[in-house]
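A, B, C and D label the chains in the order they appear, each numbered from 1.
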């Protein structure tokens, strides 16, 4: 951590700050410039709040140079994490596609979609039983009953299931759900994150609409600090000034986070764009850049979907997409081999 | 609602859409242009999800022209709401200042600050017992014990209290708290909003970091739809590209929301800027533009504050600010009188 | 164009608006709802400014449903444009890589890089002679002399050259330059765009830092309206709240713009991220999603580069990247064939 | 400037960097931590590009702690600048209102508006002759002829005039114009900024749509570095995710820039919101927070305005606003006196 002091301050006040910093267990190394003095802090600064330092009147600015996360930090855990979701491995070279309807609407619907996506090669079934809707007057999901339907589809197809939890009080309903999704709007619902740290189920943590990479990793850290290390990050588009599409898929998140964390990273092209026509090209780009998986909305009858129909693929389109993704995965592997040859 | 159809579609498919719309209880009035056909929908479109319409393949785009909110809508409830918080009125010409520490740290601290802000003219005491922190390793607040301390300060000073609720399970601790704050990061925690709609305590609803006006009002609508009409909106800065300050205070929210909703609107200049030097000018601007109140962080020893010290005013500075605000309020009233004279 | 009228307005005023609209050559088709009246406008609305309509007091809002661009519009010109840059074709299936140093620093430097990128398979040489720098105290480029050096490299290697023009008065220096680049900061320098519409050289139009798709296409339209149809769009990252990377590469721009315009679209992964480590994965994603080309910074000695060293690849890394891109292009072609078989 | 080195680097490479830094005339003071080594750089770092340092492979990150601007820097020039525009002083306690039509449309229109705004107390006349329009098919302004009309209005009313320059080649037409406006879209048209540094006319520099405070000041620095110190900054709203209003007026810019630069800062509430209903409240807030002036669009017939009618005030509304502003200015002065008494 670097602390820049204001100009023309009294020695007494600077010393008081230095003493306080040393009391926090840090070593203080000053650099005295012509116009500015800076203090380099050596030690474990992850638990020091930047704001506590900034609050000293002699302080002009504070810059963190060490990441504030530990469990999720690649520097401390260099091996890529592999998360096991109901027998399906994700991360560390294991690629998985999670497909299914935005919301569970009926048993027939879910079974039909589940069979279709399984036949096309999907690894997990996704479906929303509890739905986060901007309006209280929109369909809020089938709730517990929706979970029951997903479990039936799991029983029949063998696909592990992923579903969003919106209220920690609903946790008992999720006992047999294989992975719990935390939605973008709950990414910083810290009360819920802490409780999810107490269980051992895999958590799919979606990025908040305007969350920075660091905030996102810190939310994973909340879960991991509680003991649950099974976290998968999911990029789903960020909010910008652009009005042509719903959200901008931040594809750079994949290579950037690879350098910062060992956690698997998957991409949700359906929510990002909000348009089914974009799902195919974005899935291809996400696969090519090396994501650990995809989360894709598939609906047997998008026009009758109770939510987010415009971004859902029909099963036939999903089937073709899976073939395309297979081709891209081959290329990703070829490039990987080319690189490892080079380095030998 | 306006539905624009794609070009070159089959009549049969357009008719199917029209039939579906009419089944939703809407009247459909088409406009046939040379290059496009549009459908004007007449009726109660608030409960129709735009996405359900967009999902029809013949649809190019959908534009809502009626607001999707009802209880919060000024057009349906033109009189400004006045919310009573422990005897203090807010809204409809009643201006209130809520002041106090970012987090409750000790009984001595809170009592000292409470006495000081009361002496300066504050109307409510604010203080955080449960704290939303980006890092799991930062101080998380004193919890229930913090609430107890706030209640003691209330008892001594008579100031009603406002404190943030992060987990609905903590609700029993808030029984004697006068107003519950929903933080920016929980603005779309719909599970919590629904439950807050079941109680009758005033709710201070902060705007999410990148929430649009409409999303923000829809979150108020979630609470109001449950029966709780005592909602106050609080603008606290939005996230942008600017790195010089923490957030950009969106002062336009005040006059803009005045046209859209009857709910009171207050401003939090402390969180917006994150710098105490900005709190004074931003408070003056917020008062001048006609906000219904201010939420200001005051700390007796900002350098020792366990959170957000840099944005806290010392009691002496707060005292001077209250005098300045009084001058600005006078001017606001003079301008109001000038206008009402004109219109007579 | 859809015009929504305010409620409770006088008939007389509505009629005045309708008359004005008809005088603009438009046919007006009203839809009268219970709470709102809307006017559907039929005809050529591209030349009607939305603001002129909004200025009528009876108007509540105006929505455009027809794109405001013509020459760049895919609906009017469905065949993909192929732009010829000094004999190299770009667009309509023709993929091109433009590589070279951020700024021209010396003859030796440029010749060394030009030879290297040619050997690796680059199709064009890019290099900055006039440099847009945030600070007036930074190196501003070699100017005219830099152009001379690029022309020598062109002579030796046969690679057509691309260079940025910052001041239309410098146009004479660019006589033998094959393509003129308009930088992000000049995307809405309308005076320059108009003058570039008067010449017939290909123009590489970079997207502004926070330009919407529509504004970007409208800037292309400025050039095309003057008669110069040789425009190539270049996505180079947009400005967001994220501070971990310089800009967010908006990969969705490629499939989105494919639906809107016939102009070729290329990607600049170097400026987007500002980090050479990101250039490889972003280039792969951009190629996979179907971009018409890439603009990549290559420098023989990034540590000594006078500008933007951190985002430049060394020639050896660029060479490997070109091999990877070739593999990805094969996959893109395979996918294309698979699709065209399907549709037969 | 603070340079953080990567971990596990070779001594030789670190020494090479240090030598390079010393060759730039800087003193290097290292701080060696357990996990990181940082270098504090002492000396004039304003002319060192951060990217040149970042390009060294041993460097992890670079943080600037000294502002990169000099002429505009308040630390080096603590007295507020007062800019004289045709006899009207702006800055350092001098408040000025510039009013007039978005675009010059006819002699009658301009004279009528000029007389009206003068009668209401405006200090300068603003009007657009050369108009930056998103579409090439929109009215582009009357050009030179428009300037002539403004000069006639100046002659009759005595009000100095302000008008936008879009093309430096038009400079001869502006000979008698009192202040040249640089529009938001040209804020980083560095070629034009350099040339405006060569003249001695006051320049009104609008903030770019997504320009940071530092970039904005650096654009002022471009003009000042050429010798022209008469620069006034104008905040006109920034681009965000919000779609309810056109731009978000960043009122914090006023107190923030006061700490960084001695240049006057004015506010344009008309362009920010794009809605005339917002102009009054935003003007009051801007005056209250201590801006040095306002730029307000006034039109005698907004419904017939050839551009930006919806954001223009009618003269009668402007007249009332001027009375309100006078009241607010009184309060600002009272607060100022209260403060200066305190400090005596």
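Keep in mind that, in the parts below, a residue touches a chain if its C-beta (ideal position, glycine included) is under 8 Å from a C-beta of that chain, and two chains touch if they have at least 3 such contacts.
Given the structure is predicted, the values throughout are model-derived calculations rather than measurements.
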Of B-C and C-D, whichever chain pair has more C-beta contact pairs: C-D
Most distant chain from chain D, judged by the mean position of its C-alpha atoms: A
Rounded Å distance between chain C and chain D, as computed from the means of their C-alpha atoms: 27
Between chain A and chain C, centroid-to-centroid distance (C-alpha), Å: 31
Chain B-chain C separation of Cα centroids, rounded to whole Å: 39
Residue list for chain D, restricted to those that touch at least two other chains: 210, 239-241, 243
Chain C residues within the chain D interface of the complex: 46-47, 49, 51-52, 54-57, 68-69, 132-139, 166-169, 185-186, 188-192, 194, 209-210, 215, 218, 221-222, 225-226, 239, 302-310, 312
Chain A contact footprint on chain D (complex, rising order): 2, 4, 7, 27, 29, 31-36, 38, 40-43, 60-61, 63, 65-66, 75, 210, 239-241, 243
Interface residues, chain C side, partner chain A - complex: 210, 212-214, 238, 240-245, 248-252, 254-256, 259, 272-273, 277-278, 281-282, 284-290, 320, 323-324, 327-328, 330-331, 334-335, 338-339, 342
